[in-house]
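These are the structures, in structure tokens.
Same chain, two partners: chain A is paired with chain B first, then with chain C.
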Partner chain A sequence: MHNKPALFGWPELISVLVLAAGFFVPMYTRSVLVYSILNQAFIGVIAAQSVWIMLRMNLLSFASPAFMAMGGYTVAIAGQHDITNALILVPAAFLIPALTSIPLGAMVLRLRGTYFVLVTFVLSQILQLLLFETPGLTGGSNGISGIPPVTLFDMEFGSNKMVLKFACGLAILATIITGVVTRWFRQPFAAIEENEVLAESLGLVVWRYKALGFMVSAGVAGLAGYSLVNMLLTAHPTSFESGSAVDFIAYTIIGGRATILGPLLGTGILVYATNLFGTHGQYAQGLYGVLIILVVLVARGGLTGLVQALLRTVIRRKA
Partner chain B sequence: MSELRIESLAKRFGGLRVFQDISFTLPAGALLGVIGPNGAGKTTLINVISGRQKASAGKVFLAGRDITDQPAYTVSRLGLSRSFQQTNTFKSVTVAENIARAIRFGRRGAPADLPRMLDEFGLTPRLAEISDKLPYGLQKMLGLVMAFACSPQTLLLDEPAAGLERSERQNVDTFVAMVRKAGASVLIVEHDMDLIRRLCPRILVLDAGVLLADGTPDEVLARPDVIAAYLGDSEEAH
Partner chain C sequence: MQFLQATIIGVSLGAQYALLALGFTLIFGILGVVNFAHGGFYMLGGYVAYSCVAYVGLPFPLAVLIAVLATAALGWVFELFLLERLVDDHLATLMLTLGLYLVITTGAMSAFGPLSMDFRFPVGGSLHVGTLYLPWQNLIVLGVCLAAIGALWLVLFRTDLGRGLRALADDRAVAMAQGLRPKLLFPMAFALATGLAGLTGALVTPILSLSPGVGDPVLATSFLTVILGGLGSLEGAALAAFVVGLVEAFSSVYFGGSIGALVLFVLVLLILVFRPTGLLGRTVRGA
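Showing the complex of A and B:
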């Protein structure tokens, strides 16, 4: 009855392989549009994974933009001091939001349902306000611009091609972290997701797993912030608007909550759709909304859930 | 041994008093029934003892240790488990996974009698089934077995027979007997008077949050104030 969890499964492996394909894109195209869409997708995937980690415990978090800002501004401030080495900045972009999430988690993780949603949304708004109101540290409404590109050993990730590769690398790293954590703690997370009261009454220290999930989610969001700042070479409060959490949540819900493939698939489709609909000007938001409604109506478990259900039906019919 | 001692326990929700000044002792290995009309505070009493809700006043001691207001997971790991009035399992996973989680989360190891208990209630052949697909009676028994799978020294059962068919209620008797054979003490909250009379050598009666009576079933159920609490006053009863 007691199996040790595998640290990596097929969904995680497929996610990493799909993301790794991004490394080879510059061999086939130099299209700025393609690079831009892929960069958005990589950043979106990381942010959606941050949401997904919390959804594994049935907690819908709107705090991702706040933690993205922490990761992004950490890199931007370090850049002002000529610290550009990815070996320093990647851990910093992960750890600073993750550590900050500990006291924040102590406050918000007591809450459930709509209260948790509301408070995490407010958290993102407060952080954005702080970014505007602390110009000495964050540049205030001007943000921090002219951030030097990332360096790793002798490489400089300044060109479009290298920015794309760096975003791709961060997305893979975030996927590995997310995959390992959600696999390793799969049973406690699943128990909390399904029946928190029962899990606690059986002896599960629920707050510990929630705090751990919140920390990792914050750290992963920090990596998304790093990727965003590295793409824009600017850190600005408007890049981390609390409303962007809605997009990341939509990526996860549309893709499906069941496996880590959900955030990947959802992000891929919705980022592409955003750019596609963007050519239709005023109708873009409406078309985007229609797409989300359609998917939610047809596939309540998200697209990966729909695929799983179809596969099960096919297998049952063959049997 | 694991004696459960309750001293002047009280619970309020704002201005609403649920129960007050409840004191009793459940000796190690003993069996105690708690009865009372709906709204008497029985389930809340279990919630407070098991750490699900905080006490407004009073103390709870388990094996001499003060466990008042300790979180539910601490209370469980100290050896006090509970079951729930409604069927309460992890519905999307198999029976086996439900049992495995109870053992894993409880961290006290699986009780030796667990396989026999699974056999007894017909759960062994259904270990691979998703628990939500089980008939109601089996889901109820699974919830009880999960509480036992934590290897408790004290077990609080909240209406274990609620919703069970008459033929299935015998399983509750068997369950309680097996738990006691394993050395655990049992506190059972129940509306089924036949079951209470069959199982419990001693019962408490709660009415409107007050401990009305404490004694053997025959003594307690013959008392006019207990009859009045269940059936209304004598005029209404007639």
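Showing the complex of A and C:
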């Protein structure tokens, strides 16, 4: 059906290298603020990548908080049973949302455009309500607290430094998964993005790629949930509010949707900007709003698109 | 008696939801835009009315009127200068309204702070009918909402403006061939809808609460109602609004918690997936 493309390109490589720099941060600083910003950024990047995978097929998803909650609560419930080994929990946090997304996808992937947006919004509202209504499993409005820290071989990721390293590792893993999947299925995804009806009429089995993308997007969001729960050491419904989907969408759209660098750049800049507001973090939402409007009106490629256009002009002038 | 009380609460909630959902569905039906800022206009209506009463000392009815005009004006400007450029790109318009919502909420928060305002309905007391206690404020809101729904119906079905708007919703190409001008009518439709959201906000926030976050649940309820009724269908939205109001009232009286909301959302999910045309089942606009 399609030529097998290279599994890793420059954007993916740059993303992994930039994220990997996070491992070295603890050598230079012990600042709690820096750790906190980086943790937020690592979690945000993963969640934004989950949004980005669906955007590759021109589907805007509000469901990422729902899948994050599935991943996060999986880890929290396992922690209650003293299962803390990352070798078990990482696959679990990926697979449980990914498997749940199969039946959900069978229902919601029939919809496109505006209707898909609405149905994913409804989906994350339902999951939020379910978290409150199932206290036996999820602790209801109290959530699950006192989760033991992650362990890997004989290491325990309990200290600030280790939590940061773990978040960094998860972000790299998510980037590799996202990068490989979007590279491998680049052509079918692009065909669906361009014109789904045409792609289908040319013989592309569209539902197969959409289901696969949805599954990987759900799994990646589950990893973001794991990272979030591991940072907070609690799983609470308010951590997975459907409104937080807006942040992840903002990261992706403002960063630019053309390459995987978009979610990375968008998350990095917006998380940093949010922290510039200090204790008034809620005002950052206004900045997101203005930037979203600007990107939609004047810079459809987002920040990465702007940088690309700038580079192109510079190169043309030199030539 | 509890049954009757719940019914009355449900109907009065339904009337408020109908005003919000009618505006929301009007925008979708005519422009094809999902207005993520709808809750923002509701919230803004509340703040404008509050400012008029608290800072200028205007009587409440006049404050409500100004809130309607202000939210309609903002909607008109936003449509004319921003939305209009990309009106046929569904995802772009959705992002624009989302951006506007974030800006409005943050604006309200910087101007009034994140806490609830002390904004009270000017009429207190309740009407006693037998053992029933019906607060006057709810009855007044119900009356105004029903009157507004009636007025909207008159505008849409008995005036040239309404005929033009409905024609554009039915088939834009044919309507334009007949000489209707979307550039003129789209901003008016948007303003009409945001004005209704502002009216609801000005009327209801003194009874419920007024803080920058009040738009979120309003948006969720508008979604629920409009999908239940079939996106873009006016009759469907009005009917669904009362269904949602009654389900909420009864579930909060008899079950408590969020079971009612959960049931509604699951119902909406199923409707979206299996019957996107909603309760009344009329095809309004393709996705």
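Throughout what follows, the second predicted complex is superposed on the first by the 295 of 319 C-alpha atoms of A that agree within 3 Å, B and C clash if a C-alpha of one lies under 4 Å from a C-alpha of the other, contacts with A are read in each partner's own complex, and residues count from 1 in each chain.
As a working rule, a contact is a pair of C-beta atoms (placed from the backbone, for glycine too) under 8 Å apart; a residue touches a chain by one contact, two chains touch by 3 or more.
All of these numbers come straight from a predicted model, not from anything done at the bench.
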Which holds for A:Val150: it touches chain B only (first), chain C only (second), both, or neither? neither
Regarding the shared-chain residue A:Val51, is it in contact with chain B (first), chain C (second), both, or neither? neither
Which partner does A:Val117 contact after superposing on A: first (chain B), second (chain C), both, neither? second
Residues of chain A touched by chain B versus by chain C: which partner has the larger set? C
Counting only touches as set out at the top, which of chain B and chain C does A:Gly203 meet: first, second, both, neither? first
Contacts for A:Glu194 in the overlay, against chain B (first) and chain C (second): which applies, first, second, both or neither? first
Touch test for A:Glu133: chain B only (first), chain C only (second), both, or neither? second
Considering only touches as defined above, state whether A:Leu170 meets chain B (first), chain C (second), both or neither. neither
For the complex, which residues does chain A have touching chain B? 1-2, 187-188, 190-191, 194-195, 197-206
Per the contact definition, I'd like the list of chain C residues that touch chain A in the complex. 28, 32, 34, 82, 85-86, 90-92, 94-96, 98-103, 105-107, 109-110, 114, 216, 220, 223-224, 227, 231, 257-259, 261-262, 265-266, 268-269, 272-273, 276, 287
Please name which positions on chain A make contact with chain C in the complex. 58, 60, 107-108, 110-119, 121-123, 125-126, 129-130, 132-133, 243, 246, 249, 253, 282-283, 285-293, 295-297
Provide the residue numbers of chain B that touch chain A in the complex, in ascending order. 50, 52, 71-73, 76-77, 81-82, 84, 88-93, 96-97, 99-108, 146-147, 150
